[in-house]
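Read from first to last, the chains carry the letters A, B, C, D, E and F; within each, the first residue is number 1.
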Amino acid sequence: MPKKIVTFGEIMMRLSTPGNKRFVQTDSLDITYGGGEANVAAALCNYGMQGVFFSKLPDNALGQAAINHLRRFGVDTQFIARGGKRLGLYFLEPGVSMRSSQVIYDRADASISEAESGDFDFDAIFANAVWFHTSGITPALSDKAAALTLAALKAAKAKGITTSLDLNYRKKLWSAEKAREVLTELCQYVDVCIGPDATLGFHAGDTDVNLNELKPEDYKTVFKQMKDKYGFQYIASGVRESHSASDNSISALIYDGNEMYQTARYDVRIVDRVGAGDSFASGLIFGLLNGMSAIDAAEFGVAASALKHTIPGDMNHATLPEVEDLVKGNRSGKIQR
Amino acid sequence: MPKKIVTFGEIMMRLSTPGNKRFVQTDSLDITYGGGEANVAAALCNYGMQGVFFSKLPDNALGQAAINHLRRFGVDTQFIARGGKRLGLYFLEPGVSMRSSQVIYDRADASISEAESGDFDFDAIFANAVWFHTSGITPALSDKAAALTLAALKAAKAKGITTSLDLNYRKKLWSAEKAREVLTELCQYVDVCIGPDATLGFHAGDTDVNLNELKPEDYKTVFKQMKDKYGFQYIASGVRESHSASDNSISALIYDGNEMYQTARYDVRIVDRVGAGDSFASGLIFGLLNGMSAIDAAEFGVAASALKHTIPGDMNHATLPEVEDLVKGNRSGKIQR
Amino acid sequence: MPKKIVTFGEIMMRLSTPGNKRFVQTDSLDITYGGGEANVAAALCNYGMQGVFFSKLPDNALGQAAINHLRRFGVDTQFIARGGKRLGLYFLEPGVSMRSSQVIYDRADASISEAESGDFDFDAIFANAVWFHTSGITPALSDKAAALTLAALKAAKAKGITTSLDLNYRKKLWSAEKAREVLTELCQYVDVCIGPDATLGFHAGDTDVNLNELKPEDYKTVFKQMKDKYGFQYIASGVRESHSASDNSISALIYDGNEMYQTARYDVRIVDRVGAGDSFASGLIFGLLNGMSAIDAAEFGVAASALKHTIPGDMNHATLPEVEDLVKGNRSGKIQR
Amino acid sequence: MPKKIVTFGEIMMRLSTPGNKRFVQTDSLDITYGGGEANVAAALCNYGMQGVFFSKLPDNALGQAAINHLRRFGVDTQFIARGGKRLGLYFLEPGVSMRSSQVIYDRADASISEAESGDFDFDAIFANAVWFHTSGITPALSDKAAALTLAALKAAKAKGITTSLDLNYRKKLWSAEKAREVLTELCQYVDVCIGPDATLGFHAGDTDVNLNELKPEDYKTVFKQMKDKYGFQYIASGVRESHSASDNSISALIYDGNEMYQTARYDVRIVDRVGAGDSFASGLIFGLLNGMSAIDAAEFGVAASALKHTIPGDMNHATLPEVEDLVKGNRSGKIQR
Amino acid sequence: MPKKIVTFGEIMMRLSTPGNKRFVQTDSLDITYGGGEANVAAALCNYGMQGVFFSKLPDNALGQAAINHLRRFGVDTQFIARGGKRLGLYFLEPGVSMRSSQVIYDRADASISEAESGDFDFDAIFANAVWFHTSGITPALSDKAAALTLAALKAAKAKGITTSLDLNYRKKLWSAEKAREVLTELCQYVDVCIGPDATLGFHAGDTDVNLNELKPEDYKTVFKQMKDKYGFQYIASGVRESHSASDNSISALIYDGNEMYQTARYDVRIVDRVGAGDSFASGLIFGLLNGMSAIDAAEFGVAASALKHTIPGDMNHATLPEVEDLVKGNRSGKIQR
Amino acid sequence: MPKKIVTFGEIMMRLSTPGNKRFVQTDSLDITYGGGEANVAAALCNYGMQGVFFSKLPDNALGQAAINHLRRFGVDTQFIARGGKRLGLYFLEPGVSMRSSQVIYDRADASISEAESGDFDFDAIFANAVWFHTSGITPALSDKAAALTLAALKAAKAKGITTSLDLNYRKKLWSAEKAREVLTELCQYVDVCIGPDATLGFHAGDTDVNLNELKPEDYKTVFKQMKDKYGFQYIASGVRESHSASDNSISALIYDGNEMYQTARYDVRIVDRVGAGDSFASGLIFGLLNGMSAIDAAEFGVAASALKHTIPGDMNHATLPEVEDLVKGNRSGKIQR
């Protein structure tokens, strides 16, 4: 009986330009489906867990296509409510070299933004679950979505389920003030916090709030403050060095309340970097759920994330043996035959 | 100096499934751009006129792509306002045989629905213009859009410009009552009315309001009532017999206030039937603007419409000689070399 | 709680030439996955049933891809055993006009051909199921597969589950003698028999065994013999008139032990005719399971089959409302918007 | 040892729009290679003969690609001279329904137009050959090409090889007067004449020179005149009824000096009709070379031509058994599996 | 009122192999349109200027497609003459790693090569223009084209318009001697000279004429000689270090008559390097036209050129804010969302 | 008269995922054809030799397609026997960065594995040949294939033809013990041995048998032992450093019985690395056949191999001048125009 992990959030249709084309050049768009929490459910299915994703999707063929996409991974989609106005979309123009990837969100009025607790049966959803994961993106969509996120976290905690939250601040969706207010409440119900950022209001001396520029010792200062305030069991964060849109280096940090650990660092040639953070989150959850130490779980997460960069789409198709093999250091990319 | 024809309305990105696939099967979508009035402006450019299209589009790369698409035809896009929330979209799953084409509109909150007269300089737009064309779709989008349509029609009439309106009732956009109320006012300022339908409240005895089932003599009864009430100079309508999603027969009717004329009938193998009505409208306008009789203009329009069915996309790429050749009866499709 | 229907057989990767190309012309192949019984499970999911498909697939990425394809429809794949030598394949070159479609099977030594009863837990598989469907193709693959098919039918019958068998004689897989011997035994455990053919050894006077050339009255003679010998509850058969590879007409016959009924006849423009028979079978099963009369169930089946011809791939993506709408006679293919 | 048949002419790169697009819409072009005489050589290889094609092609990668295309069929390309200015091109926009296919030739200054006898070793080329085929297109390219065609025909006749000429008048390449002058000389060396047209100056009473409108009895009058003047052994012609760019009916006529025969008539749904005439010619040559009667050879040719309409590209990929099967009347297009 | 910049030259259809294929492998070609001066006009439209391009194109659908491509950018194409023999073509096989890109030109007898002054109304073309740009490629096409280039430069100078010339020596088009003779005359009418090369006959000591191997101090020597002889206001040159077909480093030099400046250096991962020089030219012109200093204009030009390497096609789709952002040093390629 | 080189082995259809997709993501597969010895024959044709490949292929359209692919290069395919069960296949998922390429072989029961000497006329095959090349893959397929390989080597030696063997140990096909036993016998008849590996049982002190980790001096020790035992004239090996699936460095070693030479080293950005070893082998053979010294032949081979990495498919499309140019050191990848 595989472990049941529940995630909640939005799943969107992603429309991306093929062949390095710009939006103004293309006459076709590749489509796939993704969203932070959905991506986590899918990746966990790849590792043999039972991922469950709940959300609300319009009752038309596009909503159905999003569900069918999730099903390919084996994600349990039975709790997805149907109705509302429309499927959230985002347009992606992948970057190359010094040309940045461009994202145009078109997710206003998506069905999930008007969903309510009454659309979901939390008792059924959380029955036998061992983990609940969500992110800071969903509560940013609307007040209703924020209330629903809170309700879900509370319901999960009430059942003794471990919870994780990927902060994922998106400044186009809400203000830093609003984010801090909402996230501060949500964090009361969170065990594992991923991707800390400045919205929570922590500082390390004079260091700029842009955490990518924090030094490891500063990270530890911030993480300790977070732990002290919210009682998180683990705080983790991916660390990305963006050399260009084609080449990045990634690693991760994890803090267990005592020690700060830093993972191996991977130089990645990028095929598709969207969802790499969700791959880290899902790898971390997988590790923690399966008895790994904090640093081993983070190593698993960052290796999964590295592989994600080589795979098209938001969702990770790396398998458990592939991630394990990379953790062991096999980076040579030799043909497997 | 080519004749200047102004059109006003919405232009959307169209996302259609390739290779006869259904929405739930495809992992790419073909994109093009279209909208009733924009399609008319483009077709008129193909025939050597100066089409001008005004609207409002978001100030992002997607809005720019829609503009660039229009420019390919030579449409003057300088009066398109930029701003607002988003580009209107529609998803198209082309049908085959007895499987119908499916359209999912996703045009709520498009920039045009919140545009106002202040976004446009009617004096500049209508300077030297000889014709203004719009449709019953735009006023259905929002009260603001209806007000703007009315303002544009009034401004055109005030400058002595001939006006045409394609009624194009879409029941998903507004109720028949609301449509009748708004269209009744718009029709005061219209010279040429296309595609009459039941929303205006006319009847021919007991005949069902579905005009496709009207007999020619009933059409005439309705057209006469319309002429009597609104003083239209011409009333025209395409007539479509849908044998299947792959094969249709089309013709058209036109009434000049005295006589009712029916055009030749074309059996068409369908590549893409979207925009066929706009092709009829633009052909009709071209004919009337260039000295053709009512029936000759309608013949030109229906031949252009027939060719449209063989061309992918909403906009017609038939050239003037091609339409003229078809009007003359050359339907054999022999290789031109 | 949707009704649970179990099917058993082979699922293959299908590799087909795009763009009307011949095998010797193409440098890519479109892939999808299909097999008679898998197609039935998928279609039943589309109509809101819970389809369960069991089989054996190799433990590699290709086997996984076949599973993922089934999951898109919501088919329950948990009982598919993994292992064996390889995934069965078939190559398809779709025909046009008087050029026939070509199929090259490459299914020898597929994992299913060496599967055994021990690979499956029939108690779990058939728990709460209401119907079991399989075909005459699977027992043709190998003696082991024939034994497994028999075991599955026996297990289903022992649990009081309704069973159906689509005879589907494929002369490249086995001889008529061998087929008759095996099928005769299987038919003992079958309630609904589809696609009768000469392999069972029935005759109507001097009529040639090619049933497509039978007259309706001859069909009835044969069906009656079949009923008398095996006690089938229903016997049904699709009837296909092949005008060319591009245009066919289809209908169906069903015999309830007393009366013979013939359905409406559909002229279909063909996009992809593979799986049309499975669409008929699944529609028939759906109808019978949901309280329709024999003729209504057959009408549902043949309408579903007609729609299948317009959809790429082996599996039917027609929805319940679409089939119902076609049964009601809406064949005009008008745009739905 | 397969029979050796030599053909001579131009092979061009063909660039055609995909997906029913017009030239102004497409951002890619499908490429293949073709030319009347090259197509004949390729088809004959398909039927087990040894086709040899000679021509002149530029010494660059495009010329090489044309050679490689011919090699796929097994055509012997060793006598193709390399050099000259450029590869001849033609652009093709396939038509649909009443929209005609458009061809834009871009073949001026192709290498073949400046080739000379000194580029070729006729003794080696014609050694052991049993047939030589060329067409009226090549001599239309330039005076040098006309002289070369004449030299090749003379060399073949001097070796006692049967010769055939497909008249194929193209009015964009030369005037009717020039054509008549050149062809009249070439015809002195021709045994089998295909595709007679008005350029040779024959008439049947008052009948229009457009042979497609000739009645069978008029054809016979013209053919008899041709035979009388040039001593042709056989005169044959395809007959095409163009219902639209999508649907044609084809048949053929052949005259053996005594009797006029008309073949079966095929209704074809068109995938690609370019090269259909060359398919007829190659089928006819195959038949005559392999002991068929005149009418049987023409039946083989027209069946091959019918199949060509269903295959993309200029060259026919129908196999010998497929053509034979169609000649026998199997037009049902049923799946072969 | 945007500034009007006129450019003159050839626009060709470019046919390039997709997916890293070689010419002999591909069965499709991607098409776009480009030419040095047309590329400059398009890029300037992207930056908000009014680009005008004049040339001569054949009066067929291919010529129209080239015009439509330019219109997408907003280039004013009203002065393009129609007629002549054919559209110039070039075939491109993009290189990778140590495999070089291959270009096969097929531009002989293009319409522009036979255009004459009488085809153009210089008064209308240059009315209100502030800049005229052309290149050393056009005069290399034919004597007529050289005469036309000279006439255009004289006409522009006579109206007091600033002129620029991109020398762009192509040894396959003409000899160094002929180039020197023609360019020497053209340079009399040029204010800004780009891309100096050895054809003008200048030397820096014993240094090889291959400027890419010049040291900065040698460049200055050559530039000073050029300025002394022709009185150029600015002389600029891109500098390219070609590590492989996949990775280059680029920078630029500009000389204002006193000082020599060198820009920042960019390491670019190449998607498509064709047109990169034109991007530099257009950026430089934009800068000089909009009040930037020489070095700032060159920095803008080289940043635009760097972005061009990441965009498919000859024409640059980088926007003004994107170039400005890169000039400021943002090379990290982070996702913009 | 080009030199005739004969190769023998298997040619498979290769099915690879496009666009960096994984097997579970794709709905199409690119196809090409390849096999070690077939690849060598094709490359030698590119260099102007007459490559002859013999094998056995099924008598269906897929077997024909493999033959047609070889013919494109000019490979003589007349000695390929037809019959047997099926075409061997392999599925390729190309890797990127640290994600390895995955190969799934599906070649069991391919026609070649049951071929026998009686299928081939060695006298005709080897008439006038100067070289025979085969590999250690073919004998691994089946005992029959091993016997056939031995018979072919013996026949070639009996005619005084130089022979080469690429050891190419594939552990999934046979055990090391079996390989050693069979290869030991084959090596008796081999003049040039390529790609030595541990299966022959040689050792250099304690060094691990994975030759990629051998130091040059160790290689020499092993090579000397091989020479002493089998009397090979030359022993050569490619050396690959796999930095990732996207970037490798390659070089080669060759031993002439006295001296060990190491070639230049190339850093390659990988488009497709399958067949790179065969490109080395064919370059080496070309060099040795055409009078180059051992090191020059190896340099030619490794340059050819480097270019292969940039070309899609198993077979090398690099031309003789391109390889020669790279040998001379031109690695800059500058555009050739």
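Structural remarks
Keep this in mind: a contact is a pair of C-beta atoms (placed from the backbone, for glycine too) under 8 Å apart; a residue touches a chain by one contact, two chains touch by 3 or more.
These are the chains along with the protein names UniProt gives them: A, B, C, D, E, F = Sugar kinase.
None of the values given here were measured: they were computed from a predicted structure.
Using CA-based centroids throughout, the chain positioned farthest away from chain B is F. The interface at B-C recurs elsewhere; of A-C, D-F or A-E, the pair that shares more than half of its residue-numbered contact pairs is A-E. Greatest Cα centroid separation from chain E: this falls to C.
As for how the two copies chain B and chain E face one another, over half of their interface residue numbers coincide.
Mean C-alpha position of chain D lies 45 Å from that of chain E.
Residues of chain D in contact with at least two other chains: 18, 22, 24, 27, 68, 72, 102. Residues of chain E that touch chain B in their complex: 68-69, 71-74.
The touching residues of chain B, when paired with chain C in their complex, are 19-22, 24-25, 95-103, 105, 170, 172, 242-247, 273-274.
Against chain B, in their complex, chain C makes its touches with residues 18, 72, 266, 268-272, 306-307, 309-313, 317-318, 322, 326, 331-337.
Across the complex, chain F is touched by residues 15, 18, 22-24, 26-32, 60-62, 64-65, 68, 85-86, 89, 91, 93, 102, 104, 106, 108-109 of chain C.
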